[in-house]
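Look at the two complexes coming up: subunit A is in both, with subunit B in one and subunit C in the other.
Coming up: the complex of A and B.
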């Protein structure tokens, strides 16, 4: 058996039902069935390590979900998830991309309609945390741009910046999760459209509520629309949008990495 | 709303100018460094989490002048503000009103 086929077969055995580990395929068994310890017992040790490690990784990557549901609930969901979603790259910081979608359809979480969006927030904050660092656009950098090129400026968002919207008050749920003392207040989680910007400050993700117009303008900038076109589009839908405040606030918050002109 | 090219261009030019002019004072502050200043921030205008950990969000301050909420200010400015403190739990709206009365 070639190495890549043996590796694939090993992965298939690890991410299948335990019955496959107890009765491995013949070709696979012939290759690995050596030594005194029975092959199925050795495979179960590997399988157990993989399941434990990956479920621990999901607990680490989804801390808000853990706070809301408890570690046992999350680990049980994680174990069901990981068999159909093995890692696709050798970086566990980036494992769990589709876990929020899994939670949206997880029958034992059907009474927590906001849980999938909280998991998306977790995931985006995780992306913010591990994103590569890049330069911050400063106000003085804008002085280098010729006025006739202003409308063609493409504001590049920093690699650590993320945006998220939800029909639930994610900001309030996030704050509740951050409270160190038990809070007996009842949080109203009835649908309340929320728009959030996630930035990194001193290497920690920070969330900030946005107006709907600001959120949609950020989306246009994220699509690398030239400033003139993006602004025209946003003002059509949100005549009250204040571009002066937007520019000053988000440059001060070091949200952009560059202003490119054509 | 029908926005002409000219109107968009004027709006952008105005915003860019206002932002660039703001650079001189803002970046002069940066060269001197920044420090956390507690007790002077308006509700909803704090930069990050509360000092006592009750929330960890920017813009989540619920009251003006809370001495657990902070924002970055150029070094040396905080001490000049009524209610401003470089330490959490000190200063704030209560201290400011006491100072006024005193």
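Coming up: the complex of A and C.
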């Protein structure tokens, strides 16, 4: 068998149900020496390593989902996910970006309508944690910009900054997950539109609630709209929006990496 | 960031420091605080592509120790070409951290759009040699320097093998100019699993090709209703006596070469791993009390 065909066949057997490893295809079996230890036992060493490692990676990358559902539930979901969604690159910090979507359609999680959004929060916090480093915009940097150029300023968000909105109170669920003691109180998770900013502080992701207007303004900045256009758009829908307060708050929170003028 | 390039090679004033350890997240703080007496550190570059905390720790550790980058993702044995993106991400680390060695494995991981998170076995054929040599050459050209390629642990062997693993490794090094990273534990594991002689394996390796040695622990899996066992390369235990004996034989044949203790699962206290490194260093000193280390030609 040609090498590329053998490698594809090996991959297919690894990302298959265990029954395929126990009864490998004949053409594939014929590739290997059969010693005293059966072929399926040898193949399972590779497969077990792949499946166990990827399941553990998903548990690490989705810690809030683990707290809410338990490790066994998450690992079972992870195993079903990984067979159809093998990694596409060797950096496993970046594995699992479509897992929230998988959970949205996972029948055993249908009683947890917020779970997929919590998984999205996990994923974005993971992205914040591993984002490349960049500098923070300082207030003094703005002093160097001529007033006539203000309208053209493009505020660049730091690479670690993420935004998320949800119909569920993600902030409250997040707080609940962080409590060390068992809390007997019942959390009200009835739909409540939430807007969240995720930033990195002391290497760890931090979440902060945003007003709807702030969230939408951040989205415009994320699209790299010049300040004049972004402000015009936001004030149309949110006339109470206060740009000076916004800028002061989020420069202090080290949300921006630069202010560029054309 | 400036590093002391005199420390690119792992040697100390007593010529006794060519043994390093894998630097893992569990010991990020301990290594910086304890500053153990080791020759160098090794990391998997794939764990440091991002910024944030891991990169911060690597910068601090690199100020203290020479560094070897040991990749697990180039997939040198794949029929597909090595990923340019992956090469670029490693190159960025090379430019920043100035490692004295860069290595990966004689194995494959990538097929189609999938990347298997394991080191998959290769048949030792002319077709495979051509494939892996093409990928090694591309990698060396991209990095502008020599790489090292490690012999894998294997649990399966191919009927169509046209040569044994040691001849495959020698020929690969001869054709590409790469060095061999000889993992002594992997030789021990594959010898048990495929019923061959690990001493003959090492004796057949051309000493001029070897640039780094690895040591690690493994586990023995016993099958129900059978006397048969298989060894699994877990990097999760002490180096066993059989591997120490093989290591002593290896350095007697190959010379004193930078060596590494790998411990990646069930990770113990840092001091336990450092003690293993000192054990390897003692073996080198026993055999080479005066001459010091053989310099890696990859620098």
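Brief remarks on what is shown
Just so it is clear, the second predicted complex is superposed on the first by the 249 of 262 C-alpha atoms of A that agree within 3 Å, B and C clash if a C-alpha of one lies under 4 Å from a C-alpha of the other, contacts with A are read in each partner's own complex, and residues count from 1 in each chain.
The criterion applied here is as follows: contacts are C-beta pairs under 8 Å (C-beta built on N, C-alpha and C of every residue); 3 or more make two chains touch, one makes a residue touch a chain.
Here the structure is a predicted model, which is why all the values come from computation and not from measurement.
When both complexes are superposed on subunit A, subunit B and subunit C sit side by side without a clash. In the superposition on chain A, A:115 makes contact with neither subunit B nor subunit C.
Looking at the superposed arrangement, the partner reaching more residues of subunit A, out of subunit B and subunit C, is C. Once the two complexes are overlaid on the shared chain, A:147 sits against subunit B while remaining clear of subunit C. With both structures placed on the common chain, the touch criterion links A:33 to subunit C but leaves subunit B unconnected.
When the two complexes are overlaid on their common chain A, residue A:131 makes contact with subunit C while staying clear of subunit B. Subunit B and subunit C, viewed from the C-alpha centre of subunit A in the overlaid structures, lie at an angle of 110 degrees when rounded to the nearest 10. By the touch criterion stated above, A:89 is placed in contact with subunit C alone, subunit B being left untouched. Of the two partner chains placed by the overlay, neither subunit B nor subunit C lies in contact with A:78. Of the two partner chains placed around the shared chain by superposition, neither subunit B nor subunit C is touched by A:58.
Of the two partner chains placed by superposition, A:198 touches none, neither subunit B nor subunit C. Figure legend note: subunit B and subunit C, brought together by superposition on chain A, show a least Cα distance of 18 Å. Overlap of the subunit B and subunit C interfaces on subunit A: none, as no residue is touched by both. Of all residues in subunit C, those touching subunit A in their complex are 46-47, 49-56, 72-73, 75, 78-80, 83, 85-86, 89, 108-109, 111-118, 120, 123, 125, 127-128, 131, 155-160, 193-195, 221, 223, 226, 228, 230, 232.
Within the complex, the subunit A residues that touch subunit B are 138-140, 142-143, 145, 147, 150-151, 171, 174-175, 178-181, 201, 204, 206-209, 227-228, 231-232, 235-236, 239, 243-244, 247-248, 251-252. Note for the complex: subunit B touches subunit A at residues 1, 3, 5, 8-9, 11-16, 18-20, 22-23, 26-27, 47-49, 52-60.
The touching residues of subunit A, counted against subunit C in their complex, run 1-4, 6-8, 10-11, 14-15, 30-33, 35-37, 39, 41-43, 45-46, 49-50, 53-54, 57, 86-93, 129-134, 159-160, 200, 203.
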